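Next, two complexes with subunit A in common: one pairs it with subunit B, the other with subunit C.
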Partner chain A sequence: MHISEGVLSGTALIAGWAGTVTCTAIGLKKTDTSKIVRTALLSSAFFLASLVNIRIGPSSTHLSLLAPVGLILGWSSFPAMLVALFLQAILFHFGGLVVLGVNTFIMGIPAVLVHVVFGKMMRSENRIFSGIMAFIAGTLAVMTGACLAGVFLGLSDKNFLEAAKLLFYAHIPLALIEGAVTSFMIMFIRKTSPEFLS
Partner chain B sequence: MKIESITESQSSTSCISPEALLLCSLVYALTVSMSDSFYALTLASIVPVLLLIRNRFILSSLVRLNAFNLIMIITLAMTWPSLTEGIMKGLTIALRVNMIYILFGTLIYPMGYARIFSALNSLNVPEKLRVLLLLTLRGIFILHERFSSALISLRLRAPNLHGLMKFRAFAYITASVLLQSSERSERMMRAIQCRGGFAGFIQTEHKRLRIHDVIVCLCFIFYSCSVIILNYA
Partner chain C sequence: MIAKIILGLAMIVSLYSTSYAHGTGYRQSSLNAVALEFTYSTGEAMSYREAKVFSPSDEKFAYQSGRTDEYGRFAFVPNTKGEWRVIVRDEEGHQCEAKIDVNDDEVHVVSENLQGMELTVRAVLGVSLMFNIALLIRRRQNAHQ
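And then the complex of A and B:
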């Protein structure tokens, strides 16, 4: 889901940075100092998830953990993702520093979205219902991210829209896997340490 | 890619302050990203070519980068309204990607995270964000160690996991590592508070821009402005 350097136009880059700066400022304001270590921990998990390859047939992919990060951190996921993507850019050269604003926005918005829509449902009495909602949240987060990537590509050049459609379809298997992993993770956390979701 | 490869190295540009390098590189990268014309990109390529001659270690990573660029050019050629236009667009993007990568790969990435953190400190990035950055870097090593040992034990106990079971095992491992580390992070937080909160937590060097840093910045700004003017002329 990372957009590489050099692909986007100036307008798209500026729009991405404007969105990221605003949302990160909100996120930092809402992040209590006592919760900063937990935010850092989830940020590290988000960073590491991209280094763990999962084989799917002849190909392989990596998870993003967008939905678990969003469901646990809420608005704090914006600073967490900004930091993780910054470290990915300087240590492993994934994405880049100029497109950092756009990449953070693409991944931060789905995380906040699943928190707003599904956050309360994760604490429901019915465990199966929570699991199903977590699956939908995980799938939706990846597909929203792919859609946003398409929007930024389209904002740069309308001719990118066909490539953006390809990108969207390529993310469908990943979205389903991410949904399953999110569902299992949330069910496990609910069972062993429910206060982690509060 | 291995997490152990995160190391600090000495850069040939260590005499210039990290904040000046960071600012110059970002301004230049933004200029290149906004440039489309052939003449502007030719002018912009002077600095990366000079940097490439001095730092040949980056060539091997450029090969890997261009393998990815090739896939991107093929995709654009297939999806663009005209084949020739698609290839040209792909080549322009590939040229931009190479130029930005050479610049960051020779000036920024070899600085190491300590100098980069120092630059962020000097550039007045909010303290909460800087603390988060430091704690995240620390958390990466802790989580990676725990996650690796959990994965090894999983592979020993169940070497042939397939389908949904594989994702279930992965999810359980991730969640349990997170919960274990969360308990540790709570203790860490209490220790930080006992030491006086986050006051003085960041012990990075405070530097001011020196005269040669200012000259480098001005040269880069002049160079970037020339590229922009040529692009829109």
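And then the complex of A and C:
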């Protein structure tokens, strides 16, 4: 889901940075410093997830963990993802520093959205219901991220619909895998450390 | 009658010369090509992706353009010394830029494929940085209280 350096126009880059700076400021304000280690843990998981390759037929992709990060951290996802994506850019050459604002926005917004929509459902007494909702949250987070990436590519290229369509279809297998991973993670966290979802 | 014959002959000659001017041929080149392989971070080849070559003398207009093959390979023949760039991109926002230093007697390609131990060390470094920053913030917070 990383957009590479040199692909986007100036307008798209400025729009991405504006969104990321605003949302990161909100995230920092809402971050409880007593839970900073939890934020670092999720940020590390997000940072490392990009190294986990998954084979889908003839092609392969990597995990993103947008929904688990969003469901646990909420608005704190933005600073967590900004740091993780910065380190991915300088250590793994994924994305880039100029395009960091756009990449953070593309991945941060779905994380916050799933927290707002599905956050309370993760604490439901019905475990199966929570698991199903976590699956839907994981799937929707990836698809929302893919659509946002399509929008930013569209701002830089006239073939907006083509780019958006291509990204949408290409991310369907990953979305389903992320849904399953999110569901498993939420069920496990509910069992072992339910305070993570508080 | 004679004029018609001359005109007919002139047409035949002009047709022949035209086709001869557009004739084609080939031979094995003795020039050394620079061959590169482009992959995604997952290790998958960047198959059939748009590729553009930029020479050191003109960084705006491509010296050559084309597509990678099934295995993500692309080759070109540099015609001058200096730093050449090859940019391969797909429709999903991925782009890879290769830099090639061409000297009199050698071609130097700086590889950017992280693998094995180097990748592990960088991953550990990243995680360590994040936890250290978090612990630093918590320690400062505790000191203030």
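Simple rule for what comes next: the second predicted complex is superposed on the first by the 195 of 198 C-alpha atoms of A that agree within 3 Å, B and C clash if a C-alpha of one lies under 4 Å from a C-alpha of the other, contacts with A are read in each partner's own complex, and residues count from 1 in each chain.
Operating definition for what follows: a residue touches a chain if its C-beta (ideal position, glycine included) is under 8 Å from a C-beta of that chain, and two chains touch if they have at least 3 such contacts.
Predicted model, so just to flag it, every value in this text is computed and none were measured.
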{"item": "Combined model on subunit A: subunit C and subunit B, fit or clash", "value": "clash"}
{"item": "Partner chain in contact with A:Phe184 - subunit B first, subunit C second, else both or neither", "value": "first"}
{"item": "Subunit C versus subunit B, contacts on subunit A by residue", "value": "B"}
{"item": "Partner chain(s) touched by A:Ala170 [first = subunit B, second = subunit C, both, neither]", "value": "second"}
{"item": "Which superposed partner A:Leu197 touches (first subunit B, second subunit C, both, neither)", "value": "neither"}
{"item": "First, second, both or neither for A:Ile136, with subunit B first and subunit C second", "value": "neither"}
{"item": "Which superposed partner A:Leu91 touches (first subunit B, second subunit C, both, neither)", "value": "both"}
{"item": "Touching partner for A:Cys147 - first (subunit B), second (subunit C), both, neither", "value": "neither"}
{"item": "Partner chain(s) touched by A:Val21 [first = subunit B, second = subunit C, both, neither]", "value": "neither"}
{"item": "Touched partner set for A:Leu65, first subunit B, second subunit C, both or neither", "value": "first"}
{"item": "Subunit B versus subunit C as contact partner of A:Val7, first or second or both or neither", "value": "both"}
{"item": "Clash-bearing segment of subunit B, relative to subunit C, as chosen among 2-10, 110-118 or 218-226", "value": "2-10"}
{"item": "Subunit B and subunit C contact sites that coincide on subunit A, given as residue numbers", "value": "4-8, 33-34, 36-37, 39-40, 43-44, 47-48, 51, 83-84, 87, 91-93, 162-163, 166"}
{"item": "For the subunit B and subunit A complex, residues of the former touching the latter", "value": "1, 3, 6, 25-26, 29-30, 32-34, 61, 68, 72, 75-76, 79-81, 85-86, 89, 93-97, 99-101, 104-105, 108-109, 113, 116, 126, 128-129, 131-133, 135-140, 142-144, 147, 151, 164, 166-168, 170-172, 174-179, 181-182, 185-186, 188-189, 192, 197-198"}
{"item": "Complex contacts: residues of subunit A adjacent to subunit C", "value": "2-8, 33-34, 36-37, 39-40, 43-44, 47-48, 50-51, 53, 59-62, 83-84, 87-88, 91-94, 149, 152-153, 162-163, 166-167, 170"}
{"item": "Footprint of subunit A on subunit C - complex, ascending", "value": "40-44, 87, 89, 91-97, 112, 114, 119, 122-123, 125-127, 129-131, 133-135, 137-138, 141"}
{"item": "Residue numbers on subunit A that touch subunit B, as the complex places them", "value": "4-10, 13, 24, 28, 31, 33-34, 36-45, 47-49, 51-52, 54, 63, 65, 68, 79-80, 82-84, 86-87, 90-93, 96-98, 157, 159, 162-163, 166, 177, 180-185, 188-189, 192-193, 196"}
